[in-house]
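One chain, chain A, appears in both complexes that follow, with chain B as partner in the first and chain C in the second.
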Partner chain A sequence: MRKCSLDKINLIFAEIAKNAELYLPVDQNDGSAAYKKWEEGTAWSNKLNTVKSPKDFFFPQTEDLMQFKTQGKNIEIVDTRSALQDFVIFGVRACDVKSFDILDRVFLSEPVDSFYASRRKHGVIISLACTRPSETCFCKTFDIDPANPTGDISAWKTESEIFFAANTEKGAALLDKLSSLTEECDDAAVLEQKEKINAIMDKLPLKNLTTDAFGGGKTNELFNAPEWDELSSACLGCGTCTFVCPTCQCYDIKDFNTGNGVVRFRCWDSCMYSDFTKMAHGNNRLTQKERFRQRFMHKLVYYPENNDGLFSCVGCGRCLAKCPISMNIVKVMKKIGGKKDE
Partner chain B sequence: MNNINETLIPKIGVITDVRIDTPDIKTFRVVTPDGKKAFDHRPGQCAMLSVPGVGEAMFSITSSPTNEEYMEFSIKKCGCVTDWLHQAEPGQQITIRGPYGEPFPVDDVFAGKDLLFIAGGVGLAPLRSVINYCRHYRDRYGKIDIVYGSRSKDDLLDYKEIIEEWSTDTGVNVHLTIDNPQEGWDGHVGFVPNYVKELGFDTNKVAVLCGPPIMIKFTLDGLCEIGFDKTNVYTTLELRMKCGVGKCGRCNVGAKYVCKDGPVFRCDELEELPSEY
Partner chain C sequence: MQKITRDQLVSKASELLSNGTVCCVLGWGMGEFDYDVTPTVFNTVEELNNGFVFNDFCGANFSKYLVSKAAKCDGKILVLLKPCDTYSFNQLLTEHRFDREKVYVVGIPCEGMADVSKVKAICGEGILAISSNGDNINVTTLYDENPIVINAADVLAERCVNCKSKKHVAYDELLGDEGEVIESNRFDEVARLEAMSADERFAFWQNELSRCIRCNACRDACPACTCEKCVFDNPNSGVENKSPANSFEEKLFHIIRAYHVAGRCTDCGECSRVCPQNIPLHLLNRKFIKDINEFYGDYQAGEEVGMRAPLVNYTTEDLEPGEVFDRGADNA
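After this line comes the complex of A and B, so read on.
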């Protein structure tokens, strides 16, 4: 384990930025935080987390897949991908780091999505233990430890210092480059910090939320639950939950005529949208109830069924904070799981 | 761009022949620009065809895998991509990627069995691939019955092939029907589900159904009435798809993705899935 004084954090950032693009949470004018590219003078946000998850780094909101040039009856396919630079994401919380594992199982399973895979290959993740988990946090429900974030390098922040431990070869190589700015240390301060975090976790309102009622093989038990009607009745179908969600991975592929050829791009899509499954001969999810149910059944039943019991939620709490009608996965889990609001 | 092995990036295909099958269905023959088959497939598998600037859509490959020269797609005009394709002339390039999905179990479950194919309308398109595969390897299968119905005589797909080739094969019985009486038609008149019950087949066969959802529902009920077990009945599903590889999150029924785990499903397995298709 290595540490450095928080006074020197900008030197650390500058050192990392010498060899790779560095992104970290930065305060925005509206009071929220967002991942931004670090430049000399950029201040690292003190906020618990960013409004949008860091899934953008590996699965961008929009990305070009290819270009077509047409001439008469002929078509030429042009590869529009450029060589990627190495990049470092600093300050990723334990929940968001876990979301990368969940996305990996989709995009890196055969056939591998090479667009995602190359971004994943070029990215180094420096995670950061939470110091002030909030009342919307429920990562522990999914066995995620906010005091022990994974990633290529794990970091812990105390009042005056920051501690680093490398978990992967990529992480060790990066930490090596920071050796002149950091010093070797024992883990006493980190253990103390972990205890502080755990003490906060024990007081959080969602600490007793469980996944007991969910998991693979529960489709027939839960699909026709009468609670879906009430839960979905106020859903606006706005898709905000899917856009802020670190694990939502549905996408659309569309063509755009630039006037000088056609660009085929991929963009985030949402199962909450009415035209998501609409096709020439009909739509198999005609009501918002069916679309709402799809989103939660996917996260809590279908995904675990296909992925060794792993749930497609990390308890980051973004949907709790952002849903305009205050509906969210916690309410769904309590209601469908048979527990009344506590 | 030929050396890129990326599933979302298609190959160029050339439409070399367009056959007008019915008033709203055309069959397109597709090869690569150097005149070869774009890829190998198994009966029942699908391919993504696209027209740059218009869109991309999934179609069943209607030609048999045993055809080593080209692929064929029977396409009904009913949306943006299909509308555009119906205007296309031979020589037109499109894009093609695949094959996608699980095929019919032609080499294990179907082997040695009597087969009953039941299709309605453009539902014959995916079945033509497996019918012609089984005809090609005729000695591997028992008796083959084909029940095919459409709105009218003019709406019967592959009519020439059915009359000139399928009907003349030994051990292959074709039963055609149209919804309403028509001048010049002396065959059976009536809906497919009723016709199947009237014909009353032996139940020790494997049955394969494809057609409009309502036809599949009533035909399956009819087959069960005459004693068929759902474990011996197969059908195909069709839902909206974008990626074709189980990642875009669009075509799932419960935990199954139609593009990857389907489109072929055994009816007893289908019954286990939520009724969202």
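After this line comes the complex of A and C, so read on.
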């Protein structure tokens, strides 16, 4: 384990930025935080988390896949990819780090998504333990430990110092480069912080939320539950929950007519939208209830069924904070999952 | 703090359910915390007793829900409307978006609703309980031994700071005292933007709209946006898109939306309330309202059912296009 004084944090940032693009949470003028590229003078946000998750770094909201240029009867296919630089994402919370595992299982299984894979290869993740979780946090429900965030390097911030521990080869190589700014230390201060975090976790209002009622094989039991009607009743059908979610991974591939050719791009899609997975015959989910159910069944039943029981929610709480009508996965889990207790 | 209590509302709603005036109630459902209230349809007195909540976080405008909910009820649906909601109600009726006969409106007084992001800006994360106490709000958090006492006025939602009316323009029955239309300062921020140079104004909107994630929440919550198929959702329209592919597009969406609701927007403020990125979208709409007021005389959409908005009316007094053009040149 290595540490450095927080007074020197900008030197650390500058050192990292010498060899890679560095991104970190920065305060925006509306009072929230967003990942921004670090430049001399950029201040690291104290906020618990960003409104948008860091999934953009590996799976951007829009990206061009290829371009077609037509001339007469000839079509030229152009690879629009440019060479990627190495980049570092600093201050990623434990929940969001876990979301990358969930995305990996989708994009890195055969056939591998080469766009995603190359970003993963070039990215280094420095995570950060959560000292002040929010009432909306429920990462423990998914066995995520905010006191022990994973990633290539784990970091813990105290009042005056920051501690680093490398978890991977990539992380060790980066930490080596910071050796002149950091010093070797024991883990006493980090252990003390972990204890404090654990004590807070025991007080969180959502600490007892369980996934007991969910998981693979539950489709028949849950699909026609009468509760979906009431739960989805007020849903506006906007895409807020899906777009702030670190694990939502659905996308659409579309063609844009440039006038003399076509740019094929992909963009995030939302199962809340009326044209989600629209096919030639029309749409297979005609009501908002069906679209709403899809989102939660995907996270709590279908995904675990296909991924060794792993749920595709990390308990970050973004949908709790941002849904315009305050309907979210916690309310769904309690309503649908609580049935057995009645 | 609200003058009307949760118990008064439950009692009124229960009475109307029990005597058969209405068959269901559109109200506020209890959340996990004291601030995450969900619009909920209650079908029985028992459901009301168990799940109905009314507090400083009941901001959602219920008028638009009537488009989808009113037709589904066998009888009448009871809707509880705050003064600002009643303007949307009338505007929707003007546009024939639901059947007035299917709805029973109880107008309820409103002292202004709180914005939880403003509460969090003061108290931080970890809110365990929020309660009202006169002009104050007490916030219990995970990290503070004693409740934090904040002035309710400091956490009022933007639209309530600039409340335009405490008067209900539609109701079947009113609870509490009727209020008045208010001379608000709601156009001050628009005037500030108008006073900027074109470049400054462009930079302002570029910065704000650059945060847009194209979730469409502004559109989906907007009571003036009730097209059955939005042009931006229609794959055959040529402009359909699910994400802001570039900075032109992210601006285009909001500007087109503002134009489309011009003259129909009642300034209810739902667009800005629901925006996950806190973009002050209401300022675009207020600019149109301010212009309409200046060009055609004061006009408040939704003030009465059946009003003919200046933009869809013709009089010989109307502004000439050239006058608008010259005015734009002055502002450049």
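As a working rule, the second predicted complex is superposed on the first by the 337 of 342 C-alpha atoms of A that agree within 3 Å, B and C clash if a C-alpha of one lies under 4 Å from a C-alpha of the other, contacts with A are read in each partner's own complex, and residues count from 1 in each chain.
Basically, contacts are C-beta pairs under 8 Å (C-beta built on N, C-alpha and C of every residue); 3 or more make two chains touch, one makes a residue touch a chain.
Predicted model only: the values in this text are computed from it and were never measured.
Colleague: In the overlay, answer first, second, both or neither for which of chain B and chain C A:31 touches.
Modeller: second
Colleague: For A:239, using the defined touch cut-off, is the partner it touches chain B, chain C, both, or neither? Pick first, second, both or neither.
Modeller: A:239: touches chain C, not chain B.
Colleague: With both complexes superposed on chain A, which partner does A:250 reach: first (chain B), second (chain C), both or neither?
Modeller: first
Colleague: Contacts for A:269 in the overlay, against chain B (first) and chain C (second): which applies, first, second, both or neither?
Modeller: Both partners, chain B and chain C.
Colleague: Using the touch definition from the top, say if A:77 reaches chain B (first), chain C (second), both or neither.
Modeller: Touch status of A:77: first partner only.
Colleague: Does the superposition put A:135 against chain B (first), chain C (second), both, or neither?
Modeller: second
Colleague: Mind working out whether A:223 is in touch with chain B, chain C, both or neither, as first, second, both or neither?
Modeller: Once the two structures are laid over each other on A, A:223 reaches chain B alone.
Colleague: I'd like to know which partner A:326 touches here: chain B for first, chain C for second, both or neither.
Modeller: Once the two structures are laid over each other on A, A:326 reaches chain C alone.
Colleague: On the A-aligned overlay, A:278 touches which partner chain: chain B = first, chain C = second, or both, or neither?
Modeller: both
Colleague: Quick check on my understanding: which residues of chain A belong to both its chain B contact set and its chain C contact set?
Modeller: 252, 254, 269, 278
Colleague: Of all residues in chain B, which touch chain A in the complex?
Modeller: Going through chain B, the ones touching chain A are 1, 4-10, 12, 52-56, 78-79, 82, 89, 91-95, 238-240, 242-243, 245, 247-255, 272-274, 276-277.
Colleague: Considering only the defined contacts, which chain C positions touch chain A in the complex?
Modeller: By the definition above, chain C touches chain A via 31-33, 36-41, 60, 65, 117, 121, 124-128, 142-143, 207, 211, 213-217, 219-221, 229, 233, 235, 240-245, 273-274, 276-279.
Colleague: Show me the residue ranges of chain A that touch chain B in the complex, using the header's touch definition.
Modeller: So the residues of chain A touching chain B come out as 65-66, 68, 70, 73-79, 106-107, 111, 113-115, 216, 219-220, 223-224, 249-255, 257, 262, 264, 266, 269, 271, 276-281, 284-285, 290, 294, 297-298, 301-302, 305-306.
Colleague: How about chain A: which of its residues touch chain C in the complex?
Modeller: Spelled out, the residues of chain A in touch with chain C are 28-32, 34, 48, 51-52, 61-62, 132-136, 200, 203-206, 230, 233-234, 236-240, 242-244, 252, 254, 256, 265, 267-270, 273-275, 278, 320, 322, 324-328, 330-331, 334.
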